[in-house]
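What follows are several structures.
The same subunit A turns up in both complexes below, where it pairs with subunit B and then with subunit C.
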Partner chain A sequence: MNRFVKLVNFELSRFMKVYLTLAALTIIVQVAGVIVKANEYMAKANEAINEDRIPMAQFVEQNGAMSFMDFTRSLWFMGPIAICAAALIFYIFMIWYRDWLGKNTFIYRLLMLPTARLNVYLAKAASIVLMVLGLVSVQLIILPLENSVFKWMVPVDFRSDMTVGQIINWDYLSMIIPQTFTEFILYYGAGFMAVSILFTAILFERSFKWKGIIAGIGYIAISVIIFALPVLSMIFLNREYLYPLEILGLEVALGIVVTAMSIGVGNYLLKKKVTV
Partner chain B sequence: MIEVNDITKKFGRKKVLKGVSFTAEQGEITCIIGINGVGKTTILNAIMNLTPLNEGQILINGETIHKHSYEKITFIPDAIIMQPNMTIAESMQFMADFYDSWNQERATELLDFFKLQEDEKINDLSKGNRAKVNLLLGLALDVDYLLMDEPFSGIDIFSREQIAEVFTSHLVEDRGVIITTHEIGDIEHLIDKVVLLDDGKVLKQFNSEEVREEEGKSVVDVMREVYQP
Partner chain C sequence: MKRYWRLIAIVTIVVLTIGTFYIQSAIAAVSYSEIKIEKISGNEELIEPVILNGSYNTGTGMNVAINVTPDGSEYIRNQSFFERIQGMYSNEVKRLQEEYRSFMRGKSGSNTSYLETEDTLASAEVINQSVRGSDSGDMEFDIAVLNKENGEITSFTVSVPNRAMYAQVFVEDVQMADDTLKVVTRNYSKDGENALYMYHFDMTNQEITGDKRIAITGDNGENAGSHLMIEPESDQTAPSEYIIFSKDSPGGQDVQEYIVYNLETGDKQQLETPEKLSGDALLSDKEHLYFNTGNQIVQYNIETDEMTAEIDLPSQDTSNGDMQRNTRPLLHVTNDKMYLLTASPGKKIGQNITIIDTTSGETLYNGKLTIEKPVDQNESLHIFDIQVGS
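Moving on to the complex of A and B:
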């Protein structure tokens, strides 16, 4: 096993407890959410039918059949996703700072490994990407399970059925779980670019301290401007002279340029400027 | 040979190192002595490319440091550089995974020598035992040079004796050692070369045996002359 793979494995294992907790939280809260939401609906239906003597068909007509979307739009579903997203964004910073701050001086060991320092950078970035993909996979795996629980708890007359494919197609879920390989490359490529920009900004701070904070913020601003150049130029020139496909092509090219620039600058800082 | 050539290091506006030069040979123990804050640790960090220099150059066997150099030179800082939640065995495995120069036989020998338990977590160790684990992880590498930053700092007398014993054993033999300290009592008789540092400058460097034989002075005597004229 080469040192890069070992580093990725090591980085993943360092976050594994928190990561498994996040996955467990997602599973438990979402499954509980299906049960709670289904119970709420059925309690309301039972009350209307048994106590208010409203016919079942009339209840469904008045309140609408319960769909899986009623659950996915609730905090029970979105809450764990938001927590996982926030934790991983926080971890983009933590994955570097925990090696420097407090009693921990592990950065000494990482920088003294007999491997290119770029591998440390790339291993941390790869760990973040793998963690995101892992949590998305967990979500994909539990969706059919949640759909089954939903169908099991809500009788067929009260519900509007959806396939997992239809659920995934729904607005923000289609961002997390892309429909096509091209979408996957675009969304996750953009995510990787964002991670690399932040990593390089962090390394600016670790290299130049207070001045590095300004340099890091400046670096983020420059990267965003370069990436958004096609869109910004059209806004400022007030003229739409590019077709959407051309804009997409330019964005992909600029995304690759910004990512490569971030990795290159990050590598330079790690090799020549960073200080323990 | 490690050649430190006229190095200067600034932290902000403060010049911590002002044109420091010295050499350290393989098979010798070179001791950098100075009070806290004179730049001893910065020199070791600079040798390992853990902090960039403003001026000057450091060569290891005639080359600037690169990734393969870390198989030939290692640094043992004053704080342990391993994950606190790892056991000693896991720490040793980490080193074995990443370093071709890891010598498992020597690691086991050091484990016995320091009377450490493999399954103990680093977090649960005393300061003295952490220093020993730090030393173990460095000494078990088949490297040509060892850099040690204040190995006796803040640890009990028995641990100090045990660590000092390492210097006379085959565990250090034939390697070049650069050690920084302000407490030379434990190792004075082992030092080959001394670099006296003050205010970021080398005040004096000398061969301890030559001074002992030619001038009849100990390292401490020379230190008194230099620091308390």
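Moving on to the complex of A and C:
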């Protein structure tokens, strides 16, 4: 356990610089975005009122009051999220491959540690999970701050207020910050399953090179099919034999099975087959 | 310990933030205002089983589905995850799913596909329809009858007669007499016609025994341009003797004929409705048909051809065209009681709900929808269904 914690800390430290940059980027770009968007709207409003002499109420009726959603639907908000997501997805692969690159293949030292090699696998998985959740937390923290900046910049008559709860109910945000804790566990649990499948595929490649790539892709396909079995059978048989709650229970069970299978296969590859 | 600061920092932030967020959102579950039914007069007990399905517009352009009950409102978004994934079936179907779990397994029909009597539950659906209607070679009827007393289920599938002709077939009503299941469907032909058909299914021999066209409209000949509409029944799953449908004259004029089809005898009879009932028929309930004349709801008995009750509606504000959609009264009739929802003129939230005894015409209850704290001047509420639980 101690080793595991040390390894997680180690993995986090390696990535910390990039990670903090990503977090800072998100904060800065999003806050700048609120300011820019609010200014845009107010400039339009000022122009209409002062130059075209349109009364305030009419302007609001014609163009609509500004709501926080105008900002969340813009690139200023979604851009940083997309960049962070892309970076982390990229790092799912790099967290392994960086150990093989360079002159002193670090993986050699990692695998020689007096600890179960499974700890290496789990530490990398845990780090990814923590980093994703960390960014989600950053977003959750700055959202009310951004809402306050928005309220500060746009006078009350021009804006349509929303609570943070209502903002999060919107499409994309509700995927990363689901409404209920149950959904949170389900979504991120599925995410963890996906990470473990990818890790095992990577290890296939690292064990068997070219044949490994094919094995890796095959492994991903098998995992997906197993997980999607209830849904696939419903499509093929053209009937819905299971009630939704039953499907949920079945999928959770299958998810656990696939995750355990991935970790097991990954562990085996790491112990016996990986080439340094 | 000091060297682990990164790990500790991230874990702490994550746990605190996400934990706080979900705890706080569990506490403040309703971030939208509560909408209630407030009593103005009458017997409160009568409004207890009523649920109003509607949609609430926040004024910022977001519509959220809502169920309003006398005790308070429930926003569909705020329901627990498990409640939400159970699907948007009507209360009737949900109740049937709970009571007859294995019979209802795999059935995806709406209210109109089911018939429930004291000792049987029957269902008729059309399966294997392709979504776009282009390839319907496999369309079949899926028939099932449950004998409630001994739990026996008889089920079979039969191809839809002449199925190559149809783009889509919908089940509009299911009735049963002895061992014969009668299914009324609306069939959309690939060449643009649509017609109402009646099919008979013999449950003992498990085969289709009757196939008859009741009415047709569509693009060809004398029926070009006319429309057929079946009057919705207040209680779709209960047995009834009639199907009532209205037919526009060709050319789309305002004149509508109402035709009563007696499922037992196969008789078609055109209703001679008095002048003032040229407005919309709202719904039918056994032998009564309810019309909206603009100022009144009129109850018309199709067996005796008489207007048996007239109920005055509160004055409707028909000047603002945008409100038209919201000012059409909503009606539900069950157990000799009429549940009427009308909009208050000029107000976007604040509908009136009245319960009237259909035999005596007496108003049993009058209530009003109120919103706790109006959030935005642009918000509005649109109710589209009244459900009365048993």
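Observations on the model:
Keep this in mind: the second predicted complex is superposed on the first by the 274 of 276 C-alpha atoms of A that agree within 3 Å, B and C clash if a C-alpha of one lies under 4 Å from a C-alpha of the other, contacts with A are read in each partner's own complex, and residues count from 1 in each chain.
Here is the rule we go by: a contact is a pair of C-beta atoms (placed from the backbone, for glycine too) under 8 Å apart; a residue touches a chain by one contact, two chains touch by 3 or more.
Note that this is a predicted model, so its numbers are computed, not measured.
Once the two complexes are laid over each other on the shared chain, residue contacts for A:177 go to subunit C alone; subunit B is not touched. In the superposition on chain A, A:3 makes contact with subunit B only, not with subunit C. In the superposition on chain A, A:108 contacts subunit B only, with no contact to subunit C.
Taking subunit B and subunit C in turn and counting the residues of subunit A each one touches, the greater count comes from C. Using the contact criterion defined above for the overlaid structures, shared-chain residue A:272 touches subunit B, although it does not reach subunit C.
No residue of subunit A touches both subunit B in one complex and subunit C in the other.
Residues of subunit B that touch subunit A in their complex: 45, 48-52, 67-71, 74-75, 77, 79-84, 94, 97-101. Within the complex formed with subunit A, the subunit C residues making contact are 3-4, 6-7, 10-11, 13-14, 16-18, 21-22, 25-26, 28, 31-32, 58-62, 77-78, 80-82, 85-87, 97, 101, 105-106, 108, 127-128, 376, 378.
Put simply, subunit A touches subunit B in their complex at residues 3, 6, 10, 14, 103-106, 108-109, 111-117, 207, 271-276.
Subunit A contributes residues 5, 8-9, 12-13, 16, 64-65, 67, 69, 130-131, 133-134, 136-138, 140-141, 160-163, 165-166, 169, 177, 179-184, 186, 238-245, 248 to its touches with subunit C in the complex.
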